[in-house]
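The next part holds the structures, each set out as structure tokens.
Both complexes shown next keep chain A, but they swap its partner, so chain B is in the first and chain C is in the second.
And now, the complex of A and B:
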């Protein structure tokens, strides 16, 4: 396993919960007690959302769920650094980022319940529909950033992807294009150590962050379980992009504490001791230790946070189980923007087919 | 009216589209200073700037993938794939992203990309430079697929394709690039839809369906057949997805006989789709099983062998003889 600590890893909050100074400290100097409490609340809520969705899958209400357990700091730290007019292109695991973008909770699970091909309106929260084809979204982010530059705007595109994606051609091509066109894009790689059963050592023989400079892109390795450090390096990269400095690459070193998805069984390929080690670096516990030391983890506060988490989870569950069933002809919708004669004929024939059951007295299927 | 080459007609159409809509940007390899290896984008970078005519690094997947990102931000990218055989590295972005994003986002994100592809053989090119990959894309829902055969359609339909909010694969028969024809630059872009085929030569006995470079060969074959007293109706499909079955059905109901020709391999090609659908729709009007005159199911052959692979006038006439039950190369063979 590549190093998960050490000198080249930006850290502003130790696993014991001590806030440390460092060259990146100035980027989060404004994060005071109240803001720390806000980040804590975010992380607790998205973990609760993750647990609720996992439970919904186990209860047969969702077909699948990709948990983010353990990656809360990487997603909240970076997600809370973004401006509203920045645009996110993510994989399927960035539900913490979606939360920061203000997603409607029901929209998070439409796809996983199988009710719709996507959840939210990308233009409502400035976040593209999540990507399942590994790494493909990094090119979309780069193209979006190229267009942003054409427009003369100062918003930034952010691509989220994992360690496994860095082996894909698309990710490498994205870095070539981003560098050549000096596109305002941030590549945010969550190295969670595992691509389903494949360890990061199969994808990379050196630190992933080491690759970017070869493309002409500055990179940084950050403790992905340190919410302050993740926010700091993201703010720096965003500022570089906004001020015309081009792309940046962030490797957030974290750990996928759960399975790849609810269909996965990590006990078949992972050493249980590894999980225990990483539990000692839990991103929420770490911030809790800091809040505790500063007298900010009061019972009042944690009660409030837990109540919020329960409320969000209840909304998620309610939204999930009350989702209306799709209509019988909805499969034909939105394939084209204007009618396509061959598909229209298929729709017409299927409509007649369905009607034939009623004509036969059997009622619609 | 002006008389210009096929290639110049596309160039002029691109120029018009760029003048009409500032969101139209071109991206591809060597399309800037060089004007493209076929000079289709000649002078456009000089006139519109490097920000609108973008020389891309050599990565087809990225040309398409960044175009998707630009479309997300409201642009209307026109991607040039330098040669047909270079499109496969971009296949994932075209099939999984470009074709599906409007559907996946429930209509919220439009993908008004035009993907220009010089395609087909007959120019004595090196390997991977003469292929006909159109059926991969007609098999993919969410895409529209066009192939033009003459300068006027090239001029008109490239602008229609760019204006279309759906992604369009635009196949340009590269061996026709230097052929001249009359082009009315004042043509009304709304005078026909992007889905319409055209009857090139009306006829009574046989319907001969072609697209791209083979339309001219089919027209030549029809003239040759006329000398033998056979009246061949030639149809230029123009739209490969969707196929214009209204035009095809009307023709076959009249002639009762159907020959389809393309350079692409036979199995699973456009000919198979036309034959199957027309058989379903017009079975009782058919006097003979539809006949396909196509490239063989082989990798595109070396230049000195390509004339065996490419359907030519004589092979088309042999197909016409087969569908008419006249003496032909397969006479006496069971199942013919």
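And now, the complex of A and C:
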């Protein structure tokens, strides 16, 4: 098993909560006490959102939910490094990143409630709707980045994916194109150790970050449970892309502490000791330790954060359970941007099909 | 105040049922939103159920161990106001508890589907969003069509609880109803179930006048005697009882049905004089090579089967319905049916064709040892090509064995008995056994089945005949 600490892992905050110096430290030199508190709040709120959504699934209000428990630092650290005009292409687990982008909470669960085919307008928050096809978003990000370059803009496309996705052809193709065209794209891989039930050690005989140089893409391996280090390496990669340096690859070494989705039972394939080990590296605990040491974890502050988390959770629940049902014909909306005759015919058939029940006297019941 | 019903949701992408594992709350308990109510086991995982409401639990509709269909009520709550801390009440679908209590389960859950069948005639349609639906906080009266316990529960026990402040005797709704019907006050009954739970048997014992001592087993005996006096089978406390079909029994049943109604079974019988085999076994047991190794008629049968398969390979093939192909399996993974505490399992010996008699004996010993101690590895239970079942150990001669699904044949060995038998022109006491072979008539014609069985019989009747076969 490859190390989750050590020399080739960028770390700026130890599991005990001690801030360590290092060449990457200067990338987050501006993160003062107030900013640290902000990152802490983000992580606590995102974890609470995750818990609430998981509960909503168990209560039959959501069909499915992919928990991010344990990956808060990787998502908040990188998500808070982004500029508004950067564009995110994510998988289905990046609800923490979506939170950083300012997504409406109800939009976050729309799809998981089976209420809409997608949750939000990508251009409102500069984040594409989550991609369920494993790794496909890396191609979208690369294509977007190539276009950005043609436009002469200095915004960056960021693709989020997991360790399992790196075995997909799409991800490898995306890296070839990104390198060939020196596209301003950041490949942000959250190595959470498990591709559903398959351990990363099986599909990656070397560190995942080692693969990128083979494509001609510089890479870095970062402690994914260290919010400061995640922010630092993301800032570096973004800066490289903005200044014409092309793509970068980040492997954030973290751990999916929960199931793959609410339909999964990780106890069937994971050693419980592993979870215990990772609980000792909890991303929120270690930042709390730092704040505590610096006298910033006051009762006032934690009360405020918890109140915010409660408030967000309540909003999420309210938005979820009061979401109006989609209309029967809504499925035909937003398939094409322009009128489409085949679709029109289908809509017409379906309308008449529905009307046949009214005619049969069944009424609305 | 109003009653809300939590119906079992689909907890994992397309599941239709779950088993209640345990309740962490009791009827009468006040619970917070998202407080864990209990655990349920789906086909995929054991998961905790957080409460969708804040309020008082009025009814736990199902006891631990019961299997519940998605959409069926599991917990009823009495909630203040709308019962939804998020301030729900705008008539979205998911003022669901109350709404769903008024009609069948079909609309109960966004992702689940109710258990009730739709009425005959034109299919029903879902209600449109915004169509009149009872809002939250529906008075109890309007929930009339809900299951009886919902209506029955709130008034009395809740009040009782509030006044006495004492915990109500722990039991389950059906047992509580039984007690009510029999006019028994549960407070007077001693529960013998888990954590003092009052069971149906406790109530019945109480009713028949026998007092079950607090956990004293000795005192349960008279009750059982009383039951027997009533004409019931030994040990039974009631005239009939119901056991949920689940776990191993459910899987065994499914496998049997799949096999019996997919593969047309034909069974042939052959009774042979195996005295020469028994003599051979006696010699082997005395030999140095087999010292300390258990060799039995089953061992010889396993070897004979492998040899006979060389000459009649179709009994070892597989019917691949999906691909419309017959798979010639040029190896023998020999399944041995084993009755274990958990039920019937058929672990198999991989590449049995490549093992000599001694190795087969060792492999059989390992396999049965593992089965007996419940340590059979999952891999040993899959990939079998043909099976043997030893019904002789139960003193049985013959029967129609059901083929292990996916295989083409199964051979049953009966008890070896000393019987009068024709021998060298006269009648002698010989050791005789009956073999029963069921084969999949899609793959195996009668002739091949018969030849195979005759070959096995020939080897057992005269082991030296192997010289003519290999």
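Operating definition for what follows: the second predicted complex is superposed on the first by the 363 of 365 C-alpha atoms of A that agree within 3 Å, B and C clash if a C-alpha of one lies under 4 Å from a C-alpha of the other, contacts with A are read in each partner's own complex, and residues count from 1 in each chain.
The rule is simple: a contact is a pair of C-beta atoms (placed from the backbone, for glycine too) under 8 Å apart; a residue touches a chain by one contact, two chains touch by 3 or more.
Nothing here was measured: the structure is a model prediction, and the numbers come from that model.
Once both complexes are superposed on chain A, the partners chain B and chain C fit side by side without clashing. In the superposition on chain A, A:122 contacts chain B only, with no contact to chain C.
In the superposed pair of complexes, A:283 makes contact with neither chain B nor chain C. Looking at the shared chain after the overlay, A:176 reaches chain B, while chain C stays out of its contact range.
In the superposition on chain A, A:324 makes contact with chain C only, not with chain B.
Shared-chain residue A:55: touches chain C; no touch with chain B. Look at A:147: by the touch rule set out above, it reaches chain B but stays clear of chain C. The superposition-derived angle at chain A (between chain B and chain C) is 90°, Cα centres, a multiple of 10.
In the superposition on chain A, A:89 contacts chain B only, with no contact to chain C.
Within the superposed three-chain model, A:70 lies out of touch with both chain B and chain C [touch as defined at top]. When both complexes are overlaid on chain A, the residue A:337 reaches chain B alone and has no touch with chain C.
Closest contact between chain B and chain C, by C-alpha atoms in the overlaid model: 18 Å.
Note for the complex: chain A touches chain B at residues 87, 89, 116-118, 121-123, 128-129, 133, 136, 138-148, 150-151, 157, 169-170, 173-174, 176-177, 180-181, 333-338, 340-343.
Those residues of chain B that touch chain A in the shared complex are 25, 51, 54, 56-57, 59, 61-62, 64-75, 89, 92-93, 96-97, 100-110, 141-142, 144, 164-166, 195, 241-246. Per the touch definition, chain C reaches chain A in the complex via residues 6-13, 34, 44-52, 84-88, 90, 92-96, 108-112, 122-131. Of all the residues in chain A, the ones that touch chain C in their complex are 51-52, 55, 57-64, 113-114, 259, 261-265, 267-268, 314-315, 317-318, 320-328, 354, 357, 360-362, 364-365.
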